[in-house]
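Residue numbering begins at 1 within each chain, and the chains themselves are lettered A, B, C, D, E and F in the order written.
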Amino acid sequence: MIHLLAAIVPPVPIDSGSTAWMLTSSALVLLMVPGLALFYGGMVRRKNILTTMMHSYVAMAVIGVQWVTVGYAIAFGQSHGGWFGWSWPAVGLHGITPASMYADKGIPEFVFIMFQGKFAIITPALISGAVAERMKFSSYVVFILLWSTFIYCPLAHWVWATGGWLFNYGVLDYAGGTVVHISAGVSALVLSYMLGPRRDHPEGTLLPNNLVLTLLGAGLLWFGWFGFNAGSAVGIEHPVAGASAGLAFATTQTAAATAALVWMLIEWQHTGKPTSLGMASGIVAGLVAITPAAGHVMPLSAMVIGAVASLVCFYAVRLKSRLGYDDSLDAFGVHGVGGIWGALATGLFAVTPVAGLFAGNAAQFTKQAVGVGVTIAFAALGTWVIAGLVKATMGLRVSEQQERDGLDITIHGERGYHF
Amino acid sequence: MKLIIAVIRPEKLDAVQSALQGALDEGDGYRVTVQTVDGHGRQAGEVEYFRGQPVRQRLVQKTQITIGVNDKYVEPAIQAILSAAKTDKGEIGDGKIFVLPLEECIRIRTGERGGSAI
Amino acid sequence: MIHLLAAIVPPVPIDSGSTAWMLTSSALVLLMVPGLALFYGGMVRRKNILTTMMHSYVAMAVIGVQWVTVGYAIAFGQSHGGWFGWSWPAVGLHGITPASMYADKGIPEFVFIMFQGKFAIITPALISGAVAERMKFSSYVVFILLWSTFIYCPLAHWVWATGGWLFNYGVLDYAGGTVVHISAGVSALVLSYMLGPRRDHPEGTLLPNNLVLTLLGAGLLWFGWFGFNAGSAVGIEHPVAGASAGLAFATTQTAAATAALVWMLIEWQHTGKPTSLGMASGIVAGLVAITPAAGHVMPLSAMVIGAVASLVCFYAVRLKSRLGYDDSLDAFGVHGVGGIWGALATGLFAVTPVAGLFAGNAAQFTKQAVGVGVTIAFAALGTWVIAGLVKATMGLRVSEQQERDGLDITIHGERGYHF
Amino acid sequence: MIHLLAAIVPPVPIDSGSTAWMLTSSALVLLMVPGLALFYGGMVRRKNILTTMMHSYVAMAVIGVQWVTVGYAIAFGQSHGGWFGWSWPAVGLHGITPASMYADKGIPEFVFIMFQGKFAIITPALISGAVAERMKFSSYVVFILLWSTFIYCPLAHWVWATGGWLFNYGVLDYAGGTVVHISAGVSALVLSYMLGPRRDHPEGTLLPNNLVLTLLGAGLLWFGWFGFNAGSAVGIEHPVAGASAGLAFATTQTAAATAALVWMLIEWQHTGKPTSLGMASGIVAGLVAITPAAGHVMPLSAMVIGAVASLVCFYAVRLKSRLGYDDSLDAFGVHGVGGIWGALATGLFAVTPVAGLFAGNAAQFTKQAVGVGVTIAFAALGTWVIAGLVKATMGLRVSEQQERDGLDITIHGERGYHF
Amino acid sequence: MKLIIAVIRPEKLDAVQSALQGALDEGDGYRVTVQTVDGHGRQAGEVEYFRGQPVRQRLVQKTQITIGVNDKYVEPAIQAILSAAKTDKGEIGDGKIFVLPLEECIRIRTGERGGSAI
Amino acid sequence: MKLIIAVIRPEKLDAVQSALQGALDEGDGYRVTVQTVDGHGRQAGEVEYFRGQPVRQRLVQKTQITIGVNDKYVEPAIQAILSAAKTDKGEIGDGKIFVLPLEECIRIRTGERGGSAI
């Protein structure tokens, strides 16, 4: 998303078509949260399904409140030197009226705020894949609140807000390769190291309780991702429901399909078993990788991006058993690695509105690499500090007995199923 | 009276039930209690995959049937199970039959006891 | 929804953006019905899951037909003294053409009819939460048909149709606090008294069969509710996809998030267990309470409305065991109580297009109180008469054995799961 | 969908409202695929749930790639004598730019391509209902790839593309009665004969593993179908989000509701048990039958179409046990029979933009009958050839042991549930 | 020592547990192990419908309870089950009680054996 | 021959299986049948919450294992279970072992009977 400072553009009348699409997109991105809850929830053991789903749902509650309170102000308020935003009227949105328009896009500012708020909600929820089955729920809640405020919001400001320093430098991130996926994926990796592996992890009979949910979750994510990516045309053009949105929709669809196909073929080749979890993983890997590139590349490039995404993620996931960390549901393996590939690939394949390496503009690739490097460093360091603080004060892990008996009954006082 | 407990392949349950009906039904139906169990015998558990990583299950799904019978029906019941539960040439995993002494049997509906209650 | 009489305004050309948003909103509201089916279905015991879901699905079938046959004519036909509507061309929609436009909103009348029809469908389905696990299915079908025709349609006319007496009086109900939630919630309460409690209720080992479904249902409801509330801008302004819709979207999101957070905190405080059912209940309570207020209040007020909604609903739900009625899934406790609070809160916090008490217009609060009182009285009395008739002729309850063996197998000849 | 050749019309500016609706519709149709996966997946036995769902998901992967590679070129490229299309720039979409507009509809061509691509994905997935629980997965993948390329794409060209011979002849098919449902349903029938029945089929204790999924799937299908049908206004008018879309939305809703109600009443009458599977089947039957007629008929006609759809499908499904083929999940009984009825009914009830028999234009009914006949013949013959080839080279069926142990574990190396 | 195995109606489990508590609890609770089974007795399985076609299940869902008791508690346990598991006038499907000889019983927590471990 | 039935904590199953393998495997694997049960002993059931209202479950989930053994393996099997199923200091809920007389055992695959079939 690239956008201009609202203050300096003359008011534009409401464009009902663009507003319709942005309302729809915001709703679609919200639906990704239950989608993610199912995707992750299906993969854990029965005794931890509710707590895993709650990791996503509680983000809707906590970040939902944080965003309208201060999050939006930090991410999209008046820029302070390119490092963070702050605008008093944006606090609690108290100074924004229904008539306030967002930039020159013909949509109410409230709609833009909501669309962005959904991104702020889903990003910390992505991290939860790494901490499944062992993190204390209270610590998780505090962690995502701090992480969103001190990592996500500034990063969104750097990359997406007019005046953000990476925005000024020229990093392209259509819908959140760096801001959303790399930041979440890298933080997931750091957190999984800090937490340590699940106690019964190496023995490894940790079979998913309900792959139907995982498949359904992947389907809802795919559906919602059209809002995520094609709605991000809001950063590019007016009307929002136009050429850029159409392109982003087409590349999103193409990358997801190709990645799903390639992951399946890799599995068929390796083990002879094309799994449904592989199908779901391929879908998500393709969607992640195309995110930063969606409105910048052509569909044939999206195919390549999707195909390579499955290749690198498939092998990244296998790395984990060798390196000994326990990224339970591969938040880093899929979102981190897929996001890094996608952000770099944007620098390779971009054609609109800026050219990438293959279109003769090597400088863009450098910018993308810088964007990736900065995001990795900031997210890793920030997570290490925040999680360290939480560990020192509240602890990060549940007790051994809670882990053994399952987090659903011990933390939430419930069981997922009573059959 | 004996209590026969047999562990069989789940897909053989229908055949075993029909065979038991043939052997035990005296006009008022036959009686059996069935449950799903997991077993470990010479047969190895199945391999599943989780994101490319093979996971071998220690146990295989089996079906356990329990039948209370009067003494003269013990052998017919065993034969019925043997014939219906065995795969063509007999394969590992076909299962096992256990016979236990049964001291008493009571029909809850009537309170009858012993052989006639079974 | 406030709207003008179609007949007296000059034709307005199609506004494709508004039409796009209203088509989307109508689809979103339909999706709330499966969402509700899951929300409720997950909470009952395994033996009653299908019949509980069927309570929602059959409303799509029965009210879906009733609405296009006579429902729309009664609710939105030419007003007869403000009490009910009737227009011959609206019967079977036979006099409405694809070119018929709705009022001055730039959308085809068919689209408005469909949007409203989805409200008519979901409202009786909400009631079903109170009758779960013991009501005769045939009686339920007859009941909702009568209830929709004689309670819902007139009430919608009173409050929403041009010329409706409560509309003229000035009651604000943006998307259905009185018409939908209070009417359904109060009717649920009356019905649960008339049915009596489930036989094994006081012993109380009635644990939900599948909370995953309940969480997913709450997620789908949240998603669909954006259509419900932000689509209700159709009553306020042209283009529909504009400032009012943007505001309604923002308050809906904010109230739901805040209510979910507050319900969780209350539970944490009370029992130490923040449950997933509490999360789902908080979401729904917040959505219910913001419904009448959505396009009338600012986001900060939405926070207060959501927070208080969880407070009052949490305690209302606990009341039930003391008062001895068996509102199985808390249709009254959440929709009735949440709706009453929301309708009153609209009178407190409204700022646009009419001011409420806190903005200096005490009269609006009075109007809201009258709206609430009238709705409670009408719904309670009407339900008592209709359910009384059904009880006298068909009976309301299943037999003891059906209740024991479960309604799925005895009424529908099916079981939810064959694992 | 009726549309004009893009080349001969002057460029039209982007209409953001139409684009918003087509983006939304495309997303909605994608969601129908997970919806179908659940609808079918819930009906099979536990041991085959994943493979059944994968039949739908793999279509997203395989046809998703095929469509942007060659599918769109064959279906909507420059017509070659009305028989098939081909345009070099459409191959890999490499010659299409974000600025390319579709015809005179004010939407980017990419959006039209995506919308159509979702139809291409779901159609072969519909067939999978007939082959459930016994078809080799690899053969299925190859089959749908060939079937889509050689049956679906040409048929779409004949009926929907400017210059297609059935299009020129005047067959009406608003959203895919012939192209989608008849072709899929008839192919399903042929395939179920070629495969033979499931080994344990006649004994018939094949109870559905999870009807909750089937109900949810039917709900998602209903929701997505609004995009399918009301999005198909793209073939009729500009703006797309206008009168025709509104009509199609209204008839879709009405037919689905009526069919659901009628199927329930038939069951109540026949067995005394109104089942949830019947509810789900009625919904789908109604949606199928209204598909070709959606924007051509009035709501009262939609009621008749829906009611008759449930009648004919209910009895068609029962036929199967008498004729001895094993169309496991009634892909022919519902989609084939419902589609035939719908396509013929379009010739009876059409009023806009062309009249049908009841409006005095008997010729239209003849055209519909020809369209139906041609589709049946082409699909049956084509499937017979393609499936014959696959059978000869790869085989169609799994081994006896795979069928016994379930396809999930033997083909995909997974189990749906670990409870 | 005996091992009592009873197959009852699922909906009677609560009542049976209460009755057993009354009969067996000596202040340190009563002990029972419960499992879900499917049974076939004189009672026929339920009929379900699949797209209009009736499918008769061969089995009915039942609940099986297992209790290890010292000899003097055998009869009280049986009486408790009989009284609580029987429907008003006794109906087909009420279930059955089996009594088996039990040779040894060991409490895992303490390693105690025999009657005191039960 | 004896039939050993043990009720243990679900989370101990892996350890018990390994211990049994150590005690019983003579090169052709060890044999065991496992099922999920619910138990009531001195250990109380868990408390769940339904909209703020606590609901105490009467039963706790347990795992039951059944092993048919020849007489000389009875004690090793018991010791294996005891050692693996017991929590550190022994806690309420650790479970129980029952030993029943077993009269006959038949391998379905071969029809063998008696000690060699076990």
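Please note the rule applied: contacts are C-beta pairs under 8 Å (C-beta built on N, C-alpha and C of every residue); 3 or more make two chains touch, one makes a residue touch a chain.
Bear in mind that the values here come from a model prediction, so they are computed numbers and not experimental data.
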To reach subunit F from subunit C by way of touching chains, what is the minimum number of steps? 1
Chains in simultaneous contact with subunit A and subunit F: B, C
Chain-centre distance (mean CA atoms) for subunit D and subunit E, in whole Å, is 52
Let me have the rounded angstrom distance from the C-alpha centre of subunit B over to the C-alpha centre of subunit E, please. 19
Separation of subunit A from subunit C, taking each centre as the mean of its C-alpha atoms, in whole Å: 33
Residue list for subunit D, restricted to those that touch at least two other chains: 15-18, 20-21, 24, 205, 207-208, 210, 271, 273, 275, 277, 413-415, 417, 419
Subunit B residues touching 2+ other chains are 14, 35, 48-49, 54, 58, 100-101
Would you mind giving me the full set of chain pairs in touch? A-B, A-C, A-D, A-F, B-D, B-E, B-F, C-D, C-E, C-F, D-E, E-F
Subunit A residues touching subunit F in their complex are 200, 203, 205, 404-405, 409, 413-415
State the interface residues of subunit C toward subunit A in the complex, per the touch definition above. 15-18, 20-21, 24, 28, 45-46, 207-212, 215-216, 218-220, 222-223, 226-227, 230, 239-247, 249-250, 253-254, 256-258, 260-261, 264, 271-277, 279, 282-283, 298-300, 303, 352, 417, 419
Which residues, counting only subunit F, touch subunit A once they are in their complex? 11, 14, 46-49, 54
Within the complex, subunit D is touched by subunit C residues 14-21, 23-24, 26-27, 30-31, 33-34, 37-38, 41, 49-50, 53-54, 57-58, 60-65, 68, 92-94, 98-99, 107-111, 113-114, 117, 137, 210, 213, 411-419
Subunit B-facing residues of subunit E, complex: 2, 5-8, 35-42, 58-59, 62, 64, 78, 81-82, 85-87, 90-101
